[in-house]
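Structures incoming, each one as structure tokens.
One chain, chain A, appears in both complexes that follow, with chain B as partner in the first and chain C in the second.
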Partner chain A sequence: MALLQIAEPGESTAPHQHRLAVGIDLGTTNSLVATVRSGSPVVLPDESGNVILPSVVHYSRNDDSGKCTVVVGDAARDHAVSDPLNTISSVKRLMGKGHGDRALSESGNQFAQADEDNQVPAIATACGDLTAIEVSADILEALRSRAEASLGGELVGAVITVPAYFDDAQRQATKDAARLAGLHVLRLLNEPTAAAIAYGLDQSLSSAGQETATDEGSLVAIYDFGGGTFDISLLRMTQGLFEVLATAGDTSLGGDDLDAAVVAWITQKGELGEITDAGDRKLLAMQAKAAKQALSESESATISFTLSSGASFNRSLSLSEFEELIEPLVARTLQPCRRVLRDAGIDAAAVGAVVMVGGSTRIPRVREAISEFFGRRVLCDIDPDQVVAVGAALQADVLAGNKSDTDMLLLDVIPLSLGLETMGGLAEKVIQRNTTIPVARAQEFTTYKDGQTAMSIHVVQGERELVDDCRSLARFELRDIPPMVAGKARIQVIFQVDADGLLTVSAIEKESGSVASIDVKPSYGLKDTQIESMLKDAMASASEDMQARALAEQRVEAERVLLALQGALQADGERFLNADELAEIDKLSGAVASAIDSDDVDRIKDSVKALERGSESYVERRMNASVRAAMSGQSIDRVGDSLTDTASTDSAT
Partner chain B sequence: MQVDLSSNYFELFALQEKFEIDEVQLVRRFRELQRMTHPDKFASASDAEKRWSVQAAAHINSAEQTLSKPLSRAIYLLQRRDVDLAVETDTRMAPEFLMMQMELRESIESLETAADPYTAAQAARKEVDQHIEQTSEAFRISFQLEELSTAREKAREWQFLDKLLAEIRDTEERLDSDY
Partner chain C sequence: MAITLTETAAEHVRSYLEKRGKGFGLRLGVRTTGCSGMAYVLEFADEVAANDNVFEDRDVKVIVDDKSLVYLDGTELDYGKEGLNEGFKFNNPNVKDECGCGESFNV
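So, the complex of A and B:
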């Protein structure tokens, strides 16, 4: 596709340099980072050789200096019982959640008082009130440092995985966390899709899927039961193309819930009553998890501990008792399995391979239940804890431009329908679930009052009919509508979901052609200005070195843009632009060139932005023309006859 | 940003503009176009190129969805001939069709109380599918003969039947959650 890119690999200063990119599995209980080295994916270990980073963060503050210390991973987990309120685990379950959400009360954290201009709940810690986004950023930061130390250089970007069933707010929160951690997000990738990539490029699946493999590709179900979330995705795989047909899941169902079932059993058998001490609760949860893990290997597990009150517990849990405890939860995962098959219009028997992903699929009963459901043996050849990170790394390698000859392409879907609030609190669907992304839909509105210049649009996500039963995403305030008689204005609102599954809304008044400005109020997210100020705070406390580096980076980026644009203009500038347009771009280029000579990061950034805006229609014409040219080339080769037919039909109408 | 690749969806996929389409060609061309325009191919491009790519890929997805589903393809064909289904303003339907539709709806509403609701849902779907088959064939013939008003009527009936299918799916989903 270099044909279309203004920035062609050959034009960069270091043409064949391998660009460092990673895939990050930001999990509820465990996180991993992987990369592609000499063509093969590797999961990167820490200094002690561990590849898994427990998603646990501990915050402490030195009484004397007031300095804050953040520890992530195993070292943080060691504080779970002794300092429970400053040790945050399973923070992923809080991503994109609002005040009053059940996930908050279940988390065992203490939250700062909600106030009006803060829609995002913050956990009270020794290092201040921190949102789930900031805590996740600390985990990502730890993984970024690990990767940079291990790869010996700065990362150009990362692919970060999210549960396929994450809604827009949860996705946005994840992307914001990455931004805070200083990571350039190449793509948010759905976890089951990442696993499919890892398997798709692996021999085990091609042979397993062979019995049903045809030209139409093979159908693969990815059953992803992790620490806190559950996803099921159905894909069609054909020569490097990964097409998601349907996805479903439950973003609050995972290994944590299996642990909770064991905790309930312990409390009941040990007659422990209600456990109120936060440290005791963490202790119990850890005991339950250990027993669960042991039962994947043996017929029984001994649970033995003493609480802070002195009460003790000592008893063994048999495999059959455990399986009985988790059966309702396992059954809950089958409901989404039925739904994906129905949504895709496919029989369970047509599925060629079933892949197990996520730690909870180590449980024999889970494997057995899914094997029964699909009527075939399930695959778990790749370590279910690592497979998502591996797939993300493979995708990151492609997106960073290290594999220009690849034929790999992912077509994913939006997991939940997007709708608008209409009269009577009803949700009208604008984009149906399981629609391939990117997707755009235009909807037309009009004013109901004379001279009305503003209107509000409430966007929700979910399948239910009532707005109150769906998840509120954001309220969009359209302003600057030219005043007209009621019903005369024709406001076209475009809802666009990009390849990350994130929604943007734009609007235009069609009578006057004026662009209405939009003020977005996310229901459960940070506003852009809040993120900016968090970043600014981080920059202010950063060393001079860091600031110098930021300036240097901005200069390189500006030079890259200039060089690429000049190259393109030389080739076909006169074909697509008239003299005035060329002069305008020339002027904007000059502004960038002189900004580069200054020491002003913001000035460089702004001049580049202005240039990119100014050359937009050039890019547009150039891209349209080159795809059209490519299309007609192919048409002549392969479908010459039917194209002629179409042409004659056209002329007849 | 303007994505301008073709004057209509059929041309985009190099297909003849008629109701029966070459599905293999549709799939093949769809994949080729996605390989050219998908945002993953522009991950390190400029912002303007990225924006163009999102819109181009979205346009191609919409086109593919419209043409791959027979009902939306039928409606699109009519739209291209300036025939509007006008579901909101024109609610007139043939009385025989309304009767049949009402009976089907009643049987769908009683699904949940059936002795074996899954089997009953399957049977209901089969029945609606049969009606759809007849209606789509009637559409195909009348559209081919340029009898656009009949084609329009058939497309509207088809839309009703399609809604019934959606209701059956909703019922099945409710059954799943009670399961």
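So, the complex of A and C:
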């Protein structure tokens, strides 16, 4: 006998047509899976009744059979001390990271040697070299089989949450992991947005008639201090519609760092020196975490253990000592809070509700600091560990088609501006950061040289003015541009970001219809600067960047003028100019060429002006001659036609 | 005859209705579909139509239309667990045979 769930009126599905969908919170420390049963969201437990699956995977190989065994969750964590190198935790931190990234060296894992073939860093385990994607896939696989056992059928799909701050590489890595685990991703959902859905804030805020509910909607801040990431997001809700106004955060700040602060305290107080043994390090981390968790409930926690060296530690950590230890980290979360308010142009007092998400918000001091910052009581009624999974499940239910309630439309934003490289190494932003997605923007570009038949398109992400300072995402080439004079070709470049925040860039040459496009396969192998430091750099180097841009633009302009002039001179210089005039233009060109090599914007500008003045009469003579040539033997009507043609190509820049 | 609920089933229905925040009761029904002829309908009910019968058991209003009642009369709605899975079960005395999964049946 099948087990049935209650459906909304008129929406019973046909037998065997239940569209089972789940929401997955794939966390740094813990992962959860939730679904909607008879209209109510529930977090799904395993056989022992635990809803939380620690994001820990252990790999082992049977020496005799050579068979590989993968264990996920609590069972894997039990191996953390005895077999640390084959026990992978906090793998989310490594998602989408390239070789040489800080996250790798800090992870405590052993990585396979980087070489030509392996662009993605791989962790050396008993089961071979595994990438972060493969390890994440094992976690997702465990959640998928738990969900399928709980729901009694195959899943049609899942909504997986990611930090709002994840870049394209990290989002794509998450999608890849889901595919490996045999999950169809209905959508990647930003964690704060999921939390807002879980609280049903759209309804509660509008029906409760909050004093802040204006025509512009209610503002909600989601403060998500999880195991490995910190996010602050500002959402606006208008008539049940969610819109992410701004997000900021720190992809490398979380409960793990609070643990590390406690570990540092233990090491110092116990005079343990540097802990080199991997097993000892994990033991210490677990002790620190246990103490932290105990201090959310009580005034002090006792820490007691013995290291493999025989050194032992036994001391109690008081709540006030603990709060002192974590204060710098709590303060670090306030900077992004200020930034989202600034980005959205909003005063802290205008925020109508503050939602706490993530295990670290159980710490009383964290709640206190945030309610001080926003000047209001924070919302923490729903279990902060489950709230994201619950929201994802509600969204999955809608996306799987189990609910007609389609007015729950979500708008997310892209975290960093997307653009492409133009001449002179400048980054031209096509989509600005914090633009709501999905979005498509087109911009027209043209050729730089006469007869240019190909154009290289370099897609970059970041806020800086120079390409070198931005993150390179992809390169591709548009070929088969028909040979034309510089500036005549019309190349439309379209940037499209889908609902998951993934980017497709396409380029089309309008005359010939040549097309090239690329799905931004994020560049895992690239050296990745942390997003938050990218933003910080962009602020800090604003004026420097402005000058660099001005210089680069001036250089490009000067080179373009030289190139055009040289082409013209070669064709008919001797026809229109005498030796003296030629020598004069030559001299002025030389001045421009040497000015280009200098870093002096004004000098380049002046030399170009001088050259333009010096070649004025030459240009005039050429124009007159070509007009004469064009008009000879033409009727008045035809002249009118060709003028229209000229006008239309002029606008094509 | 009537439709009844076990206490476990009634508890779940009451709690789901409360969480949903609205609804008159629970609608039970059948429709012709599925691999074995008939399939059960289990929905929240927001309104009662002219040809509906309303039963009340353990503080839960159960709504069944005239046509469905022929197939459902005497049914006890139960709630059970199978491994990790859980949900509602129809203990329907009218059923002669059902498909392997039990989602559809024949009378």
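Everything that follows uses one rule, which is that the second predicted complex is superposed on the first by the 438 of 653 C-alpha atoms of A that agree within 3 Å, B and C clash if a C-alpha of one lies under 4 Å from a C-alpha of the other, contacts with A are read in each partner's own complex, and residues count from 1 in each chain.
As a convention for this text, a residue touches a chain if its C-beta (ideal position, glycine included) is under 8 Å from a C-beta of that chain, and two chains touch if they have at least 3 such contacts.
Computed from a prediction, not measured in an experiment: that's the story for all the values here.
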Touching partner for A:264 - first (chain B), second (chain C), both, neither: neither
In the superposition, chain B vs chain C on chain A residues touched: B
Partner chain in contact with A:187 - chain B first, chain C second, else both or neither: first
Which superposed partner A:342 touches (first chain B, second chain C, both, neither): first
Touched partner set for A:151, first chain B, second chain C, both or neither: second
First (chain B), second (chain C), both or neither touched by A:44: second
Overlapping contact positions on chain A, where the chain C interface meets the chain B interface: 1, 4-7
Residues on chain A engaged by chain B in the complex (per definition of touch): 1, 4-7, 156-157, 186-187, 241, 331, 335, 338-339, 342, 398-401, 407, 409-411, 435-441, 496, 498-499, 561, 564, 612-613, 615-616, 619-620, 623-624, 627-628, 630-631, 634-635, 638-639, 642-643, 645-646, 649-650, 653
Residues of chain B touching chain A in the complex: 1-7, 10-12, 14-18, 22, 25, 28-29, 31-49, 51-59, 61-62, 64-65, 80-81, 169, 172-173, 176-177, 179
Sites on chain C touched by chain A in the complex: 12-13, 15-16, 19-20, 26-27, 31, 33-35, 39-46, 80, 82-90, 98-99, 101-104
Chain C-facing residues of chain A, complex: 1-12, 14-16, 37-40, 44-47, 146, 149-152
